[in-house]
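Only one structure is covered here, and it is reproduced in the block below.
Labels run A, B, C, D, E and F following the written order; every chain starts at residue 1.
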């Protein structure tokens, strides 16, 4: 696994643990909701992860983008599909999304390279 | 057709015409791109309209929400699916999205009522 | 009660009912969380409503602003306190918040006038 | 003068008066700064109004857009120039800016019609 | 003092000095206003810092969050109170705020560790 | 050339190349539009770059800010002019823009130092 992916995951895991350890009930429930929202329902989990990805892009949150890229990758979303999600995000959100798209593509290609090796 | 839907469409049509009549090339090309982005590709047009809808919701643009609701409606997206898109938008974008969700649901139900009659 | 306040409340009540009637579990739980977050805890409910108000202002959601103004009003927040919240919102969020501040002041003064009569 | 422009100006004037009447010093100073920022300096007042306009568009604040359209109009900015500002706003801010552009064009053309008559 | 806190403070101090050295009057006055807004008034300085913190979180500005965390820390805000501010921010602003919350908690715990040692 | 400027340019160039290599037509056209929008027209290219800069600042995208700073620098925009753009951005966008202004000033002064040497 690439160093970038590793660091991203480790920091997230560590800080989530520390956040949940604070025992703030509202934060716990938001984390819980976050998990439940993306499960299969009327829409498939895959479609929902794509919705999460495009939302994260137009709101320009790099870490959220990476998170949903990982999920999309696990669910078998293809690169041409990912690029069409990027296209919608850049159209709706504007060129302000381009720098996030560069970082998103880099992260996606690192995810792909983890299985090629 | 409900009065709300009618007024929304008429204003949009009228002002788009006036915008394009200004002959600003960049604006024309953005309108053109807007049409092309949502056509079938690696992702279906339906999925892309859903991506457009959720993006519009988290960016909290009522008119954009209405536009994509119309498109989703035309493409046969069901009400339970629409509600799951609303759910993702409210989770990712926060409770600040709730007032837009109220207006979105009202508009959706008006769209539905146009075919019930 | 002023007509504006009345219409605001009736629309919100009606559409919340229709939203919850859709039986989307995630939306129900977000509504539920919304209620629980503002109860007394380490911080008083009043302080939390002030936090909700300033957040709504910098995110520029008029309906959310009105909702938290109502809550602050019920909890006895004074007008000079409300104005200091407006001041923080306009400083942090910029002059883009001014139009929302105008509408917020109008709504607040209507709330005040409901008890003066 | 068109009814729309008249109402917009009257409401703004009335509420600004009420806001300043509250004697909140920070708000007064922000209003004061707002006036001073757009005066001639290294950049002309006209250029600064254009900067204010494009900022208001990408932040999607209709009232701020109208305010800066009025100022640009007074300063003799031409319609082709206004449209190029709209173009930058729609490119940088994305299609989410389109509905605001429709309303901005309508307001601009009303401003123009005030002198044609 | 942790390295992170030290670097954050040094960079801010250095660049603020360079910004003010440019002698742009508007920027100077905004910096001045920024100081005055958070002083005791109808609301205590502590409450205002909490308002500044939650605003910075929903607007997702890490540096602003750190700044207000420092101020809250100096004013004796407790960790359970900070977490309730985080909770409001994550509810109102959505899960897009989570990555900022992780970094905020890390910074807060570093502030706490500076006095434990 | 400073190390920061060099790294910024190299990463942008590399990732743009990889983005365009994906052959997503919409993304290609957005990149193309991005180039065309800032050319001379009713407004000069210089004015448009200033519009792009202020938009990037209020939308708080550091990489976009750097990009437009480079363009403004190439076009001969002076430091006092740049600071007045910063002033408008901080007024309209609020103190949330300050951290981005610090980084923007640092980048600008690095650009200036490249020609002093």
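Keep this in mind: a residue touches a chain if its C-beta (ideal position, glycine included) is under 8 Å from a C-beta of that chain, and two chains touch if they have at least 3 such contacts.
These are the chains along with the protein names UniProt gives them: A, B, C, D, E, F = Alkylhydroperoxidase AhpD family core domain-containing protein.
Because the structure is predicted, anything quoted here is derived from the model rather than measured.
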Subunit F and subunit A - chains in contact with each: B, C, D, E
Cα-superposition angle relating the copies subunit D and subunit B, to nearest 5°: 120
Same-site or different-site touching of subunit C by its copy subunit D, using the half cut: different
Repeated interface matching A-F, over half of the contact pairs identical, chosen among C-E, D-F or A-E: A-E
Between D-E and D-F, the pair with more C-beta contacts: D-F
Cα-centroid distance, subunit A relative to subunit C, in whole angstrom: 31
Centre distance in Å when subunit A and subunit D are each reduced to the mean of their C-alpha atoms: 37
Cα-centroid distance, subunit A relative to subunit B, in whole angstrom: 24
In subunit A, residues with contacts to at least two other chains: 26, 30, 33-34, 37, 55-56, 58-59, 64, 80, 83-84, 87, 90-93, 95-96
Topology of the chain contact graph, where touching chains are joined (line, ring, star, complete, other): complete
Subunit E-facing residues of subunit F, complex: 60, 79-80, 83-84, 86-87, 90-91, 95-96, 98-99, 101-103, 105-106, 109
For the subunit D and subunit C complex, residues of the former touching the latter: 11-12, 15-16, 18-19, 22, 24, 26-27, 30-31, 34, 55-56, 59, 61-64
Touching residues on subunit A, where the partner in the complex is subunit C: 25-26, 29-30, 33, 36-37
Touch list for subunit C against partner subunit E, complex: 33-34, 37-38, 41-43, 47-48, 50-52, 54-56, 58-59, 64, 78, 80-81, 83-85, 87-89, 91-93
Residues of subunit D touching subunit A in the complex: 58, 90-97
